[in-house]
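Quick one: this structure, given as structure tokens, is what I'll be asking you about.
In order of appearance the chains are A, B, C, D and E, and numbering begins at 1 in each one.
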Amino acid sequence: MNIHRVVRDLVATHRIPSLAEKSLRVVEDHRGDLEVALDPVGAKPGDFVITIGTTAARFAAGDRRITTDLTIGGIIDHWSEERWRV
Amino acid sequence: MNIHRVVRDLVATHRIPSLAEKSLRVVEDHRGDLEVALDPVGAKPGDFVITIGTTAARFAAGDRRITTDLTIGGIIDHWSEERWRV
Amino acid sequence: MNIHRVVRDLVATHRIPSLAEKSLRVVEDHRGDLEVALDPVGAKPGDFVITIGTTAARFAAGDRRITTDLTIGGIIDHWSEERWRV
Amino acid sequence: MNIHRVVRDLVATHRIPSLAEKSLRVVEDHRGDLEVALDPVGAKPGDFVITIGTTAARFAAGDRRITTDLTIGGIIDHWSEERWRV
Amino acid sequence: MNIHRVVRDLVATHRIPSLAEKSLRVVEDHRGDLEVALDPVGAKPGDFVITIGTTAARFAAGDRRITTDLTIGGIIDHWSEERWRV
């Protein structure tokens, strides 16, 4: 699992049915590279989160028919940019 | 999931049966690296799209027998190259 | 599988149910990049460990419903930073 | 999926049974990094091909018991080194 | 699949049950980065081998309950460091 920071919501009106009405967040890693994660926990911009990849992402979404390859698994307590980048 | 921009269609006359007659697009990431994605949504060159990897790509294709490891999951609204590269 | 060194425990009070009450460790690779691994073996900070990714991570957790994509599979004997970085 | 160029055949006399008598090709990406792909389409050295990873590679091989993580899915028409590297 | 060179055996006395008594090798890629692979073929230090990742690694191990994400699939004939690094 990786440590990402939530940047903003992702707006995509035209989607495949298996992602319809799901909350998607743009997240960044410690290098500033962006990915998109499904968010079942309600994270807010600025939160540091654990992200889950591979097939576990679908299970983590709570319904394996949701076609995600990256899902937020929790909000990290007591994390900071300094800790992340060292 | 990643954010890619559609570059062009991919033409491959000689394919395995599980990819026959499927729409394939060449997509680029923010570094300009190219990949090939199956497109069930009808994206056009220049569109910024969400791409789905791992086994979720097969489910996202609408038929898990389609042997894709990268599938376009939606077209992103309000994205731009500036937002992508920062 | 990869060779990681355990850095510290990860504290995340707000989690999805499939990760509840599981031991999570922040681990680093030889470049200092951080990841988060589920720990079924009781590793301590400073231990060099084998980490297992992909779907094998869920099986390695002892219960495939645990939504991990990285699980510690063992503690390595006789390893050192010099061996790791060469 | 990725775009690779076939370099040469791979000769490995001593193999596990699930890869026995399968055609394996050394392929390179646009950086010159090498990988090994199973080839069900009969690609020749110099051909630009689509390669399929993850579990889709096993399905693409035509028999999911074949233990490949990279399978050639088609030969690309009208590709060139210039297009690839830009 | 990738091309790795076997460096040495990996000793890990304290393991999860699904890796107990399995032969594990430290392998390096052409950049010198290390990974750990399960070895069902009996490779020796210095051998160039094909390594199989993703879920295919478990199938390649001969028993899908073995929690490996990287398994040696064969020993390559006629390979050399020069060929590897070009």
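In the analysis below, contacts are C-beta pairs under 8 Å (C-beta built on N, C-alpha and C of every residue); 3 or more make two chains touch, one makes a residue touch a chain.
Note that the structure is predicted; figures quoted are calculated from it, not measured.
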Note = Intersection of contact sets, chain B vs chain C, gives A
Request  = Moving only from a chain to one it touches, give the least number of moves from chain A to chain E.
outcome  = 2
Inter-chain centre distance, chain A versus chain C - centres from mean C-alpha coordinates, in Å = 20
Ask   = Distance from the CA centroid of chain C to that of chain D, rounded to the nearest Å?
value = 32
Message = Quick check: what residues of chain E touch more than one other chain, meaning two or more?
response = 53-55, 57
Task = Treating touching as the only link between chains, describe the layout with one word: line, ring, star, complete or other.
result = ring
Note = Output ring sequence (origin chain A, second chain C) reads A, C, E, D, B
Note = chain E partner, complex, touching residues on chain D are 10-16, 18-19, 24, 26, 32-38, 53-55, 57-58, 65, 67-70
Request  = Mind listing the chain A positions that touch chain C in their complex?
outcome  = 1-3, 30, 40-41, 50, 52-57, 59-60, 62, 71-78, 84, 86
